[in-house]
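Here come two complexes built around chain A, the first alongside chain B, the second alongside chain C.
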Partner chain A sequence: MHPDRSPEPAAPSTGRLSRRHLLLGGAAAGVGAAALVGADSLLNTRSTPPLGETPGAAAHGGQTVPFHGTHQAGVETPPQAHGKFVAVDLAEDVDAEKIRRLLTLLSDDAAKLTQGKAALADSEPELAFVPARLTVTFGFGPGLVDRVPGVPAPAWLKPLPEFSVDRLRPEWNSGDLLMQICADDPLTVSHAARMLIKDTRAFGTVRWTQDGFRRAYGAEPDGTTMRNLMGQVDGTVNARPDTDAFETMVWEPRDNPEWLHGGTGMVVRRIAMDLDEWDRLDRPGREESVGRRLFDGAPLTGGTEHDEPDFDALTPLGFPRIAEYAHIRRARSDNPDEQVFRRAYNYDVPTLGDEGQDAGLIFVSYQSDVDLQFVPIQRRLDELDLLNEWISPIGSAVFAVPPGCAEGGFIGETLFPA
Partner chain B sequence: MHPDRSPEPAAPSTGRLSRRHLLLGGAAAGVGAAALVGADSLLNTRSTPPLGETPGAAAHGGQTVPFHGTHQAGVETPPQAHGKFVAVDLAEDVDAEKIRRLLTLLSDDAAKLTQGKAALADSEPELAFVPARLTVTFGFGPGLVDRVPGVPAPAWLKPLPEFSVDRLRPEWNSGDLLMQICADDPLTVSHAARMLIKDTRAFGTVRWTQDGFRRAYGAEPDGTTMRNLMGQVDGTVNARPDTDAFETMVWEPRDNPEWLHGGTGMVVRRIAMDLDEWDRLDRPGREESVGRRLFDGAPLTGGTEHDEPDFDALTPLGFPRIAEYAHIRRARSDNPDEQVFRRAYNYDVPTLGDEGQDAGLIFVSYQSDVDLQFVPIQRRLDELDLLNEWISPIGSAVFAVPPGCAEGGFIGETLFPA
Partner chain C sequence: MRTTAVTPLAAGTLAALLLTGCAGQDGAQPQADADRAEQHTQADSFAIEDAWVKAVTAEDGMTGAFGLLNNPADGDLSVVAASSPVAGMVELHEVVTGDDGNAVMQEKDGGFLVPAGDTHVLEPGADHIMLMGLTEDLDPGTEVAVELEFSDGSTLEFSAPVKDYEGANENYDDGAGHGEEH
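So, the complex of A and B:
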């Protein structure tokens, strides 16, 4: 019936499993056996006949991003299609020693999962075999750092100052431990989140989870800037990971305590969009509110997406071509310190009845000093930015993102000097 | 800085937009201009320099599935990575004439969006330019059909009989109009849903929305059967759209009224999985509950995924190798009528605190007579199926899926004979 079937994979045969099950007892034997099998083997050997006319595509699910290194993955990593942000609150009795245990557990599972291997106690090991560029990035809130005696927190590791645009809801704020789980496959993200959340269960509870998305892997030509749900090209002016500007912005230690060197700071803001009101605005009005064209993200002063806006250009009537209230004018600073690296995701949560849409942007920025780099920009936007008519921050959290670790180490080990 | 940039696309220039804006007034002019631009042009002309080391991939976002045809798309279409199911309840004053208007509007926008074109009043036209195999499939609940005078409903168009496994919650049940919105890109699905839900606003309210996912497009080799969140290969024994079996199962009119010929019946069941309990079960137990191996979905009686299970095989101790309570034994029927075509999606909704996971399967099946084909299977599974220990249907709805339409027509036109 299917003559092109590949030979039986070197999988645990059911017979063998049953024998081992009898000999060794249950789950451990089975899971252990399956966990030996890595992503490659599953992707390559499970050949099934094509269903209907699905067009050809090379399997990208096997791609991995290294977990170990100087910096954590998931910051420089070109944004994957899906991002899940999980904030955990630690239970009261979780002290430094328990934090160390938790971080060891999490790092170990993240290291495995990102490489397409099953987590230690993986209940669905096969779901791990499609890493799809999975990265897991950990961030620490003040509530975690405070519990490790003798460890100073960076001065900026606290809730952001209040802004007049804020409509913050407690359920989207703060958190002791943040896990940013990103991959090009939604099932991979779901599975990794499940495994990692299980690791945290004995140590705390989930405070919030935010699911985000961008364009699917390969849906657009490589390097196409994402669009947000207002339809704007979003992410054009953003340092590129291979540049000095990026190094300075994200990895420069500045005044951070030593345990954070090689790490950075992270801001997560859930920003709701009033899309129904936005829909009432005409197209030129929309373009003026940002200062860029909707069609291709080029500045209103002409050229294409990556051309420099001309902030001095005037209309024939003598008004600035890019308005004083335009988002890109307000977000840009002459001060080289005031720069952040943005890595945002869209969100769109189903609603009922005639509630309208619960959609917006999971704004994520990385910068080594949140007070120095992020706050002045947000303050300027708070004072004047036409976009504020249609957007409201409803959640806000700040995390310290510790450096990466070498094999055998764990994320956060620098909190516990030997 | 970016010398490989492509020349300025033939896009509405801002200057022209502003002129037209002055002449014609606001939104209409702007949106109209952009709407002239189709998927191809945007995908090909918005060339930006590659960001970091994103590996190469041909853009699949330009792929389209025809909207017009004998049957609606989204049934035979190889399942896309993302599926959104939106059930709308019609307002009390919506009569046959209004239904006709609503369906005309929806069909028109679905026809455009699936071909990568902006919807009629598209507020974010550029989000429409990546069709990514978008399909929109409409289903009619009894509440819609009843409102069209003189139109008989198929006998099976009613809530399913009660089953003892059911834990139905009213918020996931029924609905007058169903829109199944599937594409390989999550932003495409989000945008299409927004446009189509807006079309329905004057006619009713959203009763429920279910977001589902499978593996990302191209993440696994073509034709790989999906896995569900229990880790099982799910969808192995399922008729292929190009076969006689499929034709009979899905498109055979049987006793359906004439307006439904070329259409079919649809069952949507939201089935929650108790993954925490499932995790407690050992691997052999899991495999026995289904009758297939977890590693590759092959029957417990050997071979590979698509080999026939041997339901007569016995273990050395004389027990059936595929247990009496195994899901695949219970789900299979000797009666050739009792066959359905399954097209399910996973769901995984973020939860808070220690609520555990809100995850499961959006079970979707197509069959031309729900009573004849689906109900007996579900009844058998209700009586005995070890999987029932870990799964509970929490939502249930039945829809009549009308035939496709030709260009210029609309889905549901057969309800309104000339």
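So, the complex of A and C:
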């Protein structure tokens, strides 16, 4: 690959050795010093080999997404490669004042970590110096909002109605506080989650954690629609964050209480896939079930991925080209209110023995009114969707995502008007 | 909420200098220091960043305050004392290797010197502000006020959030004479 390089990587130059020696020798004093150095300079001075000496290895780890703003980051943010979803149950004695304290701590940590800085009391500050587009997005369950006196919850902030396809397990349901932690580097996600979860220890317990992934950073051109583990292009019909449609779908306040203006609603559903059964289905059957070509996600009526499906097209035998039971037909609505913004991740967790594969989709959608926008879509899919043969929702939670905050503020401050 | 800013409380006076018994770093006579301090105290040019206090119960009795002491000014400054409304006694500590090879903390002679343009790091396992004789539980997410006193007598109060932290469990040097809490 690099013919000009020494073929003996095990024999580094003297300069390399002495730099390592210096780093080790300075380790005792290094923590404090490192905490003073910003992400960029650290990335460019401490890496081995130094960046710039490895052709093509441009460091994207230094990229940051602003934490402060009108809306929380992590909704409009182009999905990072890795996502961790942590739901916390608040302890019984946690009242409004303690919630305020918790949110203050969490916001401060998130504000620092997302910018590539160590959190306060960060026991591994060096792990914070590669932000890799880290975002931390907070959502509130009804169990949190109800503890703040005088604050109304949006009507939709409750468990979703029961659907016949649901095989919900309590360990994947609900939660008082949700933290969506996403970055293009899994080590960054892990460290941020650890710091944030440590903040919550005095206030509650982790109810569930879901780890998700997409393609690695840079593996595909930006903006490529993700594929799920059934091989399908998943999320083609998704509004672009810079459009009016997105604004209406996600940020339009509708009937939400004032503290939620600038925020939105979030649905997190853990959808298990029976990949072994899916294996039995041939390729035409797989395409029929969704209504799209597996190769490029184009509708079965032709064109390319983002072309509109022709739901009126018929086969030579007179059947609909996109079947009545096809997923894309069932998910579609003529009612413009019935649209959500999806930001899903795949999951695939280790199993033992003959348990079979434990894999699926962490379905995440953002919409400002869950009842108005999400529930009708899920109802139609519940009534009829061939995909239901292979997928089962096993977890479900709804959260209110409060607006962003300015520097010096904290996420959730609108619950506590001055 | 998270502002660590800073309220210079009192201009330096000769009396304060005499009380602390600490002349200026450059060895100039106290009167000259006091005159200079009238215009520009050490507190004026000081800033603390990323301050925090380890969460403990009143029963634990003591804890540490940490952060970055910044001195963007041209002259050196010294933190010589500290106090807090939640602590009966506050000392400026360092961590040293004791006779038995274990790390112990003890009061630091002369306090924390922050050279001009430099930053002095207070962190677990190293220099820190020791809060003893705690009068209340320090719960995560609450704020603790700490007042620093500089060698020119000027003072400055900052507020630090309380955070859960498992470390910072250094042993006392029993010979240092503040074992009465335990």
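In this section, the second predicted complex is superposed on the first by the 376 of 418 C-alpha atoms of A that agree within 3 Å, B and C clash if a C-alpha of one lies under 4 Å from a C-alpha of the other, contacts with A are read in each partner's own complex, and residues count from 1 in each chain.
Assume a residue touches a chain if its C-beta (ideal position, glycine included) is under 8 Å from a C-beta of that chain, and two chains touch if they have at least 3 such contacts.
Just so it is clear, the structure is predicted and the values come from calculations on it, not from any experiment.
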item	value
First (chain B), second (chain C), both or neither touched by A:Ser123	both
Touched partner set for A:Arg201, first chain B, second chain C, both or neither	both
Touching partner for A:Ala418 - first (chain B), second (chain C), both, neither	neither
Partner chain in contact with A:Asp108 - chain B first, chain C second, else both or neither	second
First (chain B), second (chain C), both or neither touched by A:Leu300	first
Which of chain B and chain C A:Lys98 touches, first, second, both or neither	second
First, second, both or neither for A:Leu317, with chain B first and chain C second	neither
Partner chain(s) touched by A:Gly408 [first = chain B, second = chain C, both, neither]	second
Shared chain A contacts, counted only where both chain B and chain C touch the same residue	31, 33, 123, 201
Footprint of chain C on chain A - complex, ascending	31-33, 35-36, 98, 100-102, 104-105, 108, 120-121, 123, 198-199, 201-203, 408-410
Chain A partner contacts - residues on chain B that touch it in the complex	1-2, 5-6, 8-9, 11-12, 14, 17-18, 21, 25-27, 29-31, 33-34, 37, 42-43, 45-61, 63, 76-78, 81-82, 84, 123-127, 130, 132, 171, 184-188, 190-191, 194, 197, 201, 205-211, 213-225, 227, 229-231, 240-242, 275, 278-287, 293-297, 300, 302, 304-306, 346, 348, 350-355, 357, 359
Residues of chain C that touch chain A when the two form their complex	1-3, 50, 52, 54-55, 66, 68, 119, 121, 123, 126, 139-142, 161, 163-167
